[in-house]
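In the two assemblies presented below, chain A is common to both, partnered first by chain B and then by chain C.
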Partner chain A sequence: MSEKAYRVLESHNFLQGVMYRYMLEGHAASEEGKLAWVTSGFPVEIPVAMDVGVSYPEQYGAIVGSEKVGPKLCGYAEELGYSQELCSYARASIGSVKYPEESPLEGLPAPQALLACNNICGTVLRWYDAISQMIGAPVFLVDTPPLEGEQLPHHIAYVRHGLDNLVSFLSEQFGTTLKEDKLREVTDLSTETIGVWTQCLEACKNKPSPLNCADRFLAMAPVVAIRGRDYTLEYYQTLLNEVKDRVANGLGAIRDEKVRLLWDNIPPWFRVFRIMGSLAKRGVVFPADTYTHAWTGSFKDEDRMDSIASMYSNVYLNKGLEAKIDKMCGLIKDYDLDGFVMFSVRSCKRYSLGQLVSKELVSERTGVPGVVIEGDMVDSRLQNDAQVETRLDALLEMLL
Partner chain B sequence: MSNAQATEQSERILKQLVDKGKPILGYVYPHTPLEIIMAHGMMPALLFANPTVMGSYEASLQTFACSFIRNMFSQRVHDQLPYVDGIVFPGNTCDSLQNLADIWHLRFPQDKIFRLTYPAGDQGEAAVQYFAEELRIFSNSLQDAYGSPFSDDAFRLAVDLVQRFRNAVQFLYAARLLQPSSVPYHRIAAFVREFHSAPLETVVDELRPIVNDVERSLAEAGRVDSTKALQHALLERKLEDVSLPSDLPTPRIAIVGGMTEPQAIAELVNAVSKVSSTAIVFDLLSFGFKTIFTPMPALEGDSFETMARSVLGALLEPTQEGLPKRLEFLKDVLTHLAIDGLIVCEQSFCDPDVFEAPSLLAVASEVGVRSVRLPVDPEFSDRARLEGRIQSFLETLAHGGAA
Partner chain C sequence: MGIGLDLGSTTTKGVLVDKSGKVIAAHLIPTGAIASKAAETVLEELTKLSQLELGDVSTVSTGYGRTQVKFAHESITEITCHSVGAHNLNPGIKLLIDVGGQDSKVIRIGSNGRPTDFELNDKCSAGTGRFLEVMARVLEVSIDELGPLALKSKSPCPISSTCTVFAESEVIGRIGSGESPANIAAGVHQAMAAKISTLSRRVGIASPIGVTGGVARNPAFRNYLSAALNCDLWMPEEPQLTGALGAAILAIARASDTV
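For the complex of A and B:
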């Protein structure tokens, strides 16, 4: 039997353990009446420092997608009147709240509060409002108006005010308080975790790249969901060691690296391994992607709440199209990439509208070709696999 | 006046203004502070979806962009936007508009684009302070771009004009609820549209005789005071003490939805229903009730702060935090204003509308009001189906079908 084109990471076992523990913690917190659902860009260090458990519905959406039950769960939301035009993470979560027994892991544990931050999109607020209508848990929004250029003092003051309100909300809702030293401890751990994760990402500048984007899509779950915990940091240290070993021994994520590409946007969870696997056989690796690079940054040693306000306002998705184009051009240059694939996700207008323009500009500025493929991250009904394949083939014809 | 005629008329008026050398600033979000723009000596002009323009967005926008922004972009590509010297886009209202401004800027770098970013949160005073600062920055950028400074006097005149217009239309809204035959809904919608296209004294002048006629007909029925009381109650959003006459014609229909154009919907309902001139008694549309019942900015104090309070004092939009409050108000409207049919409009691929629709329908059903969901796009490309849907809804209402 021929050798597989793709190398499996040994630290994935550790990752599974981490995610299992996170799930158990979520259930325990829910039973104690101390669980909040949080959006992926939420300043999670605050609830964590206040001993409020957190669960991430977007990550649950990724599980629904990977288990290929997206159409079923999204269909349940559609029965309730939520159109197929809406974000499939939202629809999958609405469907799973309605029919937990039909959902992977029997749905996410029930929350007592819904914490949304609109630094990734405006959809999260409407999604959580819909969930709130179903289960009665209150919604709290941290409003981080999108930034054009530098963050001005009135913006930071406004977001900071929102964070202070969040503390009051959590205190009232969960009967807990925020202690300065605990917040420092949690934010320090977060900074360190993000730092180690960033080293894993940057190691992919090496040739061959030690990680492919599907590896990073899996490995990112804890940095999104459970930064600020010691066991998360431990996992990333293990991953970094393995990545360093691969680099030292000249081992790539795929056996025979010929073409290095950039992936833009969320992946189609129900198809990502098949796509990556078949591209790996043709020598195609993705050393960088815009999605997993979105969780970077560090908390500075100033007032921690101000630092949180600044970091969460400045996330990649909260900035304009120019910033996204700069980011893509930077990654293509820094990781020495030959081309790029932009996944146009029908669910996600914030991430996807503008890709047609950025594709042209990124190609113009970097001189490398790119392709836009359309589909969805959870709802496979919205994806035409044959079309995706044709487009990828067209790109590879130019490069191989 | 039909929707198409209204488009032609507003273009004509804008052209005359341009010929006179008046700088025009286009805007797309209903809660744009007209008074600030006017304080810079500029004319704010609402850019409407144009049903006659289609396609040609495909090189820049995917098909899942909302139908409104697709239409706007198509107008620009086809060079069919009314003449404007710049456009102000809102920030932080919905993902589609947020991205459209960026795309526009990259595709048409020669266009003057401004962005006014709104708070999405219901955060009281902090939101007011934040937005006041955004308004100040916006005002400074108008001065930088056009060299015309903010004038306090022009601001006061603008506040006065906008307020006189809103007062008059508020009165018509209240009159229609108490005596739907006094003024057709599409007439009110046409005035709202005309004023938003170019807030001119002439629109208020045209309104005056209509308001007088309506007042006369209300006086004959002894309803002037109750109309004024209802106007006040609507402004305060306190409807529990509203009392309506018992002989109101039915059906009484309310229309709810975000950025759907009131005149276009009125036209659609007119086309299918003989009872239409009295049927639509109320709307909760962005370009209708929600902007018309915006509280007046105070004339004392910092202009940007009073303007921020005014804009943020309007009824919350589906693009903002506060769904429970919106549902509560809808429930009040349905029960205290004796509504017996609700049309829920949603523009295709409009996340705010489409997300909210199931909750709106649930409220209607909870209070026993029949409802219909109407997916629309600005081109009304599916007109026959929409008319069929409205027709059968009206028939259900006439026959007292199940809620």
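For the complex of A and C:
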């Protein structure tokens, strides 16, 4: 009777160690003058292969959200004149640079360069410009124009040109060079890691699902932030073993799986575990979500720089609405889901734009109901729990 | 028998039905500061009105305060309860628009009386009863007088703001420029109808359409909404009690399931 609705992953301790190491390495790189901040969809294999350390402000934003200090740090950015409409990752980041002593982990280690890629949104460039103004580190943009349909050769060539410029920028900034074999080694390791991660995701097609949304939101951190490293691969192999073990023994992420749902968008970091926990008690599991499935794909054996250009142009948020709808319908079908929850994130316009239309079309094509709930990933002032609960309860009443 | 209690943001409603779903007693009071207290008061009133012992009667609570009712056997969202309540009163209704004190919702009702899709207003008070209350105060009329006042208008003046606070400033501006209260009141209703009509179109228009909730009693609102949707609207005799009625019917169903 005292058993919790939710099963905790044993590999979680390993994950904590991995994230701790990432943080220490960031500080060490910063002290050596070799740290870059990068956006979540940045072609990070290039700086990694050039021996430049990386830290992820968006991942830090998730920490700020989880620590429930979003309103405080976002408020600091607002004091500087930034609008509450601005992305809360950006506000939290600006706030933490202004007052590191007030921030979790005393802020991210100071960078010597800011590397933005606009494949996830256009805000990242202006956000890094603002940070640059505060701390003086230069900004480099990898421009990946949004894709509608197939990527044409001239599009790859354009992005590829940007990557070549990135190599020059990093060489000049950090005094390093890019070696072909090192890039191959790092991208191979990324491909292998992403492959193991993808197997963990796909294992959730099983009933009961071995992982819930919240498990994946935590487990995704290394595949986003620590690419091209052997210890990252080791972590995912451990996770995969645990997942396989659960599947073999018929153990689900939650104890009594009744309803399987899809989650769309970044989660409300300050509330996600409470929401998932209370839904788990009612037998609701999320075997798939669009967010953690965004970090999949592989580098092909062709010219590596072209392959990087192609992979990072084709990320989920850089494609049109049709591709997003197809992805959602595909996940609902492949994972045999009963419904979907679309989280409309006030901060993240790029991810949330078009959700009302998508909801209608996804329901029409798959025949399962969905609901849009509103809130934010970091700034809890933008979330109304009672409204979220009513909408989720109403969806479940339609399903249970 | 079954009891349905709908703890709305503004009003708490209670309905007692017999096993066939016929209403035996109904009562409503302002929710006030303590939702659980309002629920107890309504239950006492239902007891007095029916002169029955209601202690063991299956009870379902709904509305924003639904989890505050400790004596309820189950809490069910107002979306499902309104859908069931409206379907019970008029099984033909395909789309239900419920406009309450602090929220508005549009529900597509399936053939079994259960919701198949729904949308609620966002975190803004535009398109809710509160919007009309604020405007009535500015125009110095009671909330019950606001609708009839608007119906006197020959030429509604446009109110472009959808935010309650900004719309209030806009109305004050209109008063300052000498616009008649009737025309302003009509503009206010028109703005509100436009907002609700947009919400309805998100779910998809399917007639016949029903309107419920406290705001449904306002004739000017019904007129402008009907015009905006280009469709006649059905309203139950007691539009505010629809959710509580649905909850009471679900309470009977619940009791027969568990016996």
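Observations, loosely collected:
To be clear about the criterion, the second predicted complex is superposed on the first by the 399 of 400 C-alpha atoms of A that agree within 3 Å, B and C clash if a C-alpha of one lies under 4 Å from a C-alpha of the other, contacts with A are read in each partner's own complex, and residues count from 1 in each chain.
Heads up, the rule we're going with is that a residue touches a chain if its C-beta (ideal position, glycine included) is under 8 Å from a C-beta of that chain, and two chains touch if they have at least 3 such contacts.
Everything numeric here is computed off the predicted structure, so don't read it as measured data.
In the superposed pair of complexes, A:165 makes contact with chain B only, with no contact to chain C.
Judged by the touch definition given at the top, the superposed model places A:295 against neither chain B nor chain C. When the two structures are aligned on the shared chain, A:394 is found in touch with chain C, with no touch to chain B. Of the two partner chains placed around the shared chain by superposition, chain B and chain C are both touched by A:356.
The partner that reaches more residues of chain A, of the two candidates chain B and chain C, is B. In the superposition on chain A, no contact is made by A:14 with either chain B or chain C. In the superposition on chain A, contact of A:235 is made with neither chain B nor chain C. Within the superposed three-chain model, A:374 lies in touch with chain B and with chain C [touch as defined at top]. In the overlay built on the shared chain, the residue A:81 is in contact with chain B alone; chain C does not reach it.
On chain A, the patch touched by chain B and the patch touched by chain C overlap at residues 356, 374. For chain A in complex with chain B, the touching residues are 80-83, 85-87, 90, 118, 121-123, 125-127, 129-130, 132-133, 139, 141-143, 145-146, 148, 152, 154-155, 157-158, 161-162, 165, 320-322, 344, 346, 349-350, 352-357, 361, 374.
By the touch criterion given at the top, residues 59-62, 64-66, 91-96, 98-100, 102-103, 105-107, 115, 117-121, 123, 126-127, 129-130, 133-134, 137, 318-319, 321, 323-324, 348-349, 351-352, 354-359, 361-362, 373 of chain B touch chain A in their complex. By the touch rule above, chain C contacts chain A in their complex via residues 64, 76-80, 114-120, 122-123, 202, 204. Within the complex, the chain A residues that touch chain C are 356, 360, 363, 369, 371-372, 374, 384, 386-387, 390-391, 393-394, 397-398.
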